[in-house]
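Two complexes come next, and they have one chain in common, chain A, joined by chain B in the first and chain C in the second.
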Partner chain A sequence: MLRLPTLRPWGRLPAGGWGSRLPKHSNAERARWGAVMRMVGRRLMAAVPILAAVTFGVFAVAAASPFDPVQQYAGAAGLSASQETLDQLRSNLDVDGPFTQRWWDWLTGALSGDLGDSTSLRQPVSQVIGERLGWSVLLCAVGFAFAVLVGTALGVAAARRKGGLLDRTVTSLAYTLEAAPPFWIGLLGIWLFAVRFDVLPAGGLTDSGSDIVTAGALLRHLALPALVLGLSQVPWFLLYVRQGVADALEEDAVRGARARGLAERTVLLQHALRSGLLPLLTLVGSRVPELITGALLVETVFSWPGIASVTVKAATATDFPLLAALTTLATVAVLGGNLLSDLLYGLADPRVALEEM
Partner chain B sequence: MSAVLKGGPTLRAGRGRRLRVRASAAVLVAVLAAVLLVPLLFPLDEQAVDMANKLHAPSAAHPFGTDDVGRDVLLRCVYGLRVSLLVGVVAALAATVIGTAVGAAAGAAGGRTDRMVMRVVDVFSSVPHLLLGIFIVAMFRPGVWPVVASVGLTHWLSTARIVRAEMLSLRSRDFVDAAVSGGASRWRVAVRHLLPGVLPQAGLAAVLMVPHAIWHESALSFLGLGLPTHRASLGNMIQSARGTLLAGDWWPTLFPGLFLIIPTLAIASLAGVWRERINPRRRSELML
Partner chain C sequence: MTARTVRTATAMALAAVVLAGAPACSAPGDGDGPGGGTDSLTVGVAQEPETLSPLLGYGKEGNSKIFDGLLTHDAKMHLRPALATRLPKVSKDGRTYTYELRKGVTFSNGKPFTAEDVVYTYETILDKKTNNASKGELDAVESVRAQGRHRVVFRLKYPYAAFAERTVLPIASKAVASRTDVNTGSYNTKPVGTGPYMLTSWRKGEKLSFKANPHYWGGKPKVERFTVAVIEDDDVRATRLRSGDLDGAILPPNLAKAYEEDEEKRTFSAKTADYRAVTLPSGNPVTKDKAVRRALDLAVDRKALVKSVLNGAGKPAYGPLPTDSPWFAKGTERPHDLARAKKILGEAGWKPGKDGIRVKDGRRAAFTLWYFSGDKLRQDHALAYASDAKKAGIDVKVQAGSREVVRPKLDHDAMLMGNGFPADPDFDLYPTLHSSQIGDGWNNLAAYHDKTVDKQLDVARRSRDPEVRKNAYDKVQRALAKNPGYTFLTHIDHVYVIDDKWRGLTTQVEPHDHGIGAGPWWNLQDWKPEA
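On to the complex of A and B.
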């Protein structure tokens, strides 16, 4: 079926959402979904060698480093222990073979859910991750939602009159914020809200003296870390929205809407924002690395009990099994985000040739 | 961080732009003068403590106040910036050398080598920079070199992509065809004809990498995984000021952060002008 380019590619979207301009259950729509699924399959296949390479690299770096898990396990006793005891320990810890062997054992174990034991927390790695993953996802989701809302609002406001006072202020602020380290912003936030005004807690998940997470306490403890993580993501989002909407305002479709006498508000929100936001939505998934970077810093500043703060703790304690699993998990998250981007892109814009992705 | 590090906003022509370029240049000159001259004029003993003067709020005698052991925060900021800049420049150079070598090899060789190198780039870009950096320092710390390696090994990707793309576009130019038909070897073409063409791009990438490297180093130092504390960088300073912050003393935290932001913005703004000069056609409002 030949699709002619229209003057308003995304000016008005159908009620059913993106990609559903085709009649429901038509052959063409079914073919489109089939193509999407094939792309997902291809991406999953491509992820396998990447994950294998990343985990292999992690084990290779560990093998090249001066770090010795046996000495770490034995501690001070390792200095006086006989070579025989150390060798025995080495084989007990399963760290005696070449690193390729250990990598392969780890990989096959990981596929059956066994990621080894954390040397610093003395519990299974899968348990460490299971207990903390939810908190990190919560923090990242709230922070990212904040960034999307604030970034969109300020980006549209700035794009309305490019080069105006508001635009210049917002843009300069965005570049400054982008250059500011999130941990520093977090500390200033603690000073302002926890020390100076004493309205929000400085960190943790529960009030002091209590171990039970209540909804109210969670909300108060979440507010500041989510705000800081969100702020660290705002500049990128804001600048992209500003650019996208400003470009869209130049499009024929939007000019046409203006010429028809539509209200400025309608033009801006219904036409320019939709058109400007579409390419952006597809980029959201590719922000996972930056989100993880932000979480590593923000969770540490606020002692948030998530997997990012435990990553830093694992690094400080040279907890290799935990670090290896968390690095792999982060890679899975990044690849998942990339896939999500492509998926949204493919579904949002029917003109994209999925076979090439 | 990426928006700033690829050169910041492209400034509109005119008075405002000239003003900003001049201000950025002035900031950079001041920063360089400070980190080079201040240690000669005002030696600071990192170990010296002066408990009688601890945690003084900013005043005329101590414009940025004093820290929890009575050292002048302004002086420590200059010393911290000196360490941060030094490590940042060395690490950025390391990243640029790796990136240029890899990108040039891929671009000049083409074919299977190129595809393989690009797969390696894909693998590296699938792990978040800071996480990979943390892993590397965790395995090799403590010390300065693990930090440099951590930045170098995680930040070469963008340079490699830029250099490769530039190489590929140069390869289709007439002078390269002329060199090949003149009987130049593959190596000679790569080194004598292609490499000089990509050097301006690589140089720009190196300059833009400096703030990125400083940012990465200060994050590692803040997390307690970076530079040893006797070589305090700005990140170490912010880390060690956490205790005093909770007691309400904000100045040992605030000023090191400003010392990180201001040179970053100055470098980004100047590099933006440089980029426009070498890529006049790729001029765009937004570089993220």
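On to the complex of A and C.
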């Protein structure tokens, strides 16, 4: 494989990093913040039709769905209920009528703060989300942090010696992991850590016999699902970091740093990693959908009481008021992720014109 | 902005998100860690209730833990008084039921229980705006009135002998529930009742936790804490039982077998009214033929079904009533007799065709049998049934589908159905066999119409004389044996494994839909530690 030629050019080159190139004028900075605000505003405006279209889609799918919400609601009792009872349920649940009308009712209700009632959980939708959102955010945040840390560390290590033993092991492992669905890793994790070694609990938020969520118990119960969710995100990070750092190692700036005789560690972490991570920022936001799908499967496998597991329930129970709200939430998360990564990129690299994003 | 600033900002944002998330979702409750003693019990079940409000159907078969009914069932399924002081006084015409209520009973919030709560509970369930799918069970009720604080009078639309069995239904607190939205309000998740246990937390999809009600009118239960873990997957449930995380669990028979030799665990095989049967619709020229019905009834090998499909945990069924029920008509058991099945078909003009399937007047003896997709047990029953039918020369095509797909087809096609309400024969026989129930929801799917059956079912539901009722149900079962519009296959035992730490554990005869009120822990409040 390619090894960096140890060039030692005589001329003085900038010592890498973009910091030294930043204009230090307060006026320029003010203009930049103005551009940021304008961009956020633009994105917010664009989000309105997107959200409207997405929720409209959910209601259209609901109307086309072959499943009968009344039967789903009634459950086992529905199989011995009289037709009169079923008809009464149908009119109470308000599941008939053109879906455009129901979408409009839902939308106007949602705008005034009323997200409707979940039929499968017999609770207002806002309460369902309020009780569960925190747990999902915690799981996703820890899993994502794990993925970033492990992915970066292994990626840098692999890039250092491209083609080396570590690189080859890590890369092939990453491809294998990328191909493995998270629920499969989840079941494997349960089998390994909960059944074989009996070191971590197989699911839930606390032990079966206990109700209080203590920090220690939470940590033990969070470990396995977060690990699985993190692991499913690692390969992507790792491969990008590896590529980015490897490319950066061949940039002039890095060569220059080497030329000046800086320690390998400094070259790798201060110079190559920095410019290697830059393209990553744009892509972090695009991982949000992946993270959400991962959470859907992981939460279900581990009985994690978050919104992702309830999404699965809402979908199988054709609970459309809940599903519409959760889809909206996921859309907001994706849009927010994209905005965040664009912002970060723009702020990190002054060459990027925010006006064009 | 430098890279370091970006990094710091990201880290801080992440930390803020984590911190903001944590305090917002502290789980409520006041338990104190897992206990290994006899004062707490943790069990694993497959399904979780959709609601804990009796107004939407929770605990309607009794043993709801959080609530009491006016009456309750003992281990032998006899009615006993609970919130009523004795069994109801019934008027001569059988249409007025009067209950005297227990005095000094309080709800777990300290408020007294009165007749108003009973009236509120029944009236709310029957209210058109209440989304209770089981409200049809109270169809007979015309009105319910309080007479003073401690007497309730039910007036029925028609004399209905089985009505008292319905009054095991849990009583909700009017003071608490009436201030919430019946269909979506907090009473569904934070119920307040008079029962032996109080809910301390419910994390949906994970578990329900209860603690003993110290002021329970029946005395404070010895088992102080009760946890119900919801674990859908049978293997995971078995694993968690093995690891000691659970004290007891419901298990499929093949997984429960592993515990039979275990000294520290006991296995309970609960008898049930939970049956599986094949509907033979009158709207299909093949299945409406009495000869075909009788031949199928004889051709199916029920004993082999119990052995292979149920791993021995069950028994052959010849009607909705289990063979060990006191209401069962002795002598209506049918043998497995393939030769006679063939003879009956031959005599009726069904002659074997080229492919071995019988034909009469150019019509093949063939029909479609549906089961709900994903229901392994029904699938196995259906496949075994089809294979037995084939031996007699009847071609049964087995297909899976959802409720929405299956229901419109059932006027012409057969379905593998299941049901079972043990409290009174009327609860199973009337909806399944009475001709007035044809086309009513999922009732009488075979469109079964038999004059004797209709007449005797009406006699049995109106008379309160046990002799008369027994006699009428005997006639119903004998008529059904002559014209089997359903092929009843099996009654299924529910198998539970539990730590051997308590005395006097029993099981009741369980219904088809068995929630947390079933299992050896049906009467948890009466358990005593092993001495």
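The criterion applied here is as follows: the second predicted complex is superposed on the first by the 301 of 357 C-alpha atoms of A that agree within 3 Å, B and C clash if a C-alpha of one lies under 4 Å from a C-alpha of the other, contacts with A are read in each partner's own complex, and residues count from 1 in each chain.
Everything below uses one rule, namely that a residue touches a chain if its C-beta (ideal position, glycine included) is under 8 Å from a C-beta of that chain, and two chains touch if they have at least 3 such contacts.
Quick caveat: nothing in here was measured; it's all calculated off a predicted structure.
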item	value
Chain B versus chain C as contact partner of A:184, first or second or both or neither	first
Touched partner set for A:297, first chain B, second chain C, both or neither	first
Touched partner set for A:152, first chain B, second chain C, both or neither	neither
Partner chain in contact with A:67 - chain B first, chain C second, else both or neither	both
Which superposed partner A:202 touches (first chain B, second chain C, both, neither)	both
Partner chain in contact with A:233 - chain B first, chain C second, else both or neither	neither
Touching partner for A:84 - first (chain B), second (chain C), both, neither	second
Touching partner for A:55 - first (chain B), second (chain C), both, neither	neither
Partner chain(s) touched by A:344 [first = chain B, second = chain C, both, neither]	second
Contact residues of chain A, present in both the chain B and the chain C interface	66-67, 190, 194-195, 202
Contact footprint of chain A on chain C as seen in their complex	1-3, 6, 10, 14, 17-18, 20-22, 24-35, 40, 42, 44, 50-51, 53, 56-57, 128-129, 131, 133-136, 139, 183-184, 188-189, 200-201, 203-207, 209, 225, 227, 229-231, 236, 239-240, 243, 245-246, 402-405, 417, 419, 431, 439-443, 512-513
Residue ranges of chain A in contact with chain B within the complex	49-50, 53-54, 57-58, 61-62, 65-67, 163, 171, 174-176, 178-181, 183-184, 187-188, 190-191, 194-196, 202, 235-236, 239-240, 242-243, 246, 288-290, 292-293, 296-297, 300, 311-312, 314-316, 318, 320, 323, 326-327, 330-331, 334-335
Interface residues, chain B side, partner chain A - complex	1-4, 8-9, 12, 119, 122-123, 126-132, 134-140, 211, 215, 218-219, 222-225, 235, 238, 241-242, 245-248, 250, 253-254, 256-257, 260-261, 264-265, 268, 285-286, 288
Sites on chain A touched by chain C in the complex	17-19, 22, 66-68, 71, 73-86, 88-89, 92-93, 117-118, 120-124, 130-135, 137-138, 141-142, 145, 190, 194-195, 198, 201-213, 274, 277, 281, 303, 305, 309-310, 313, 344, 347-348
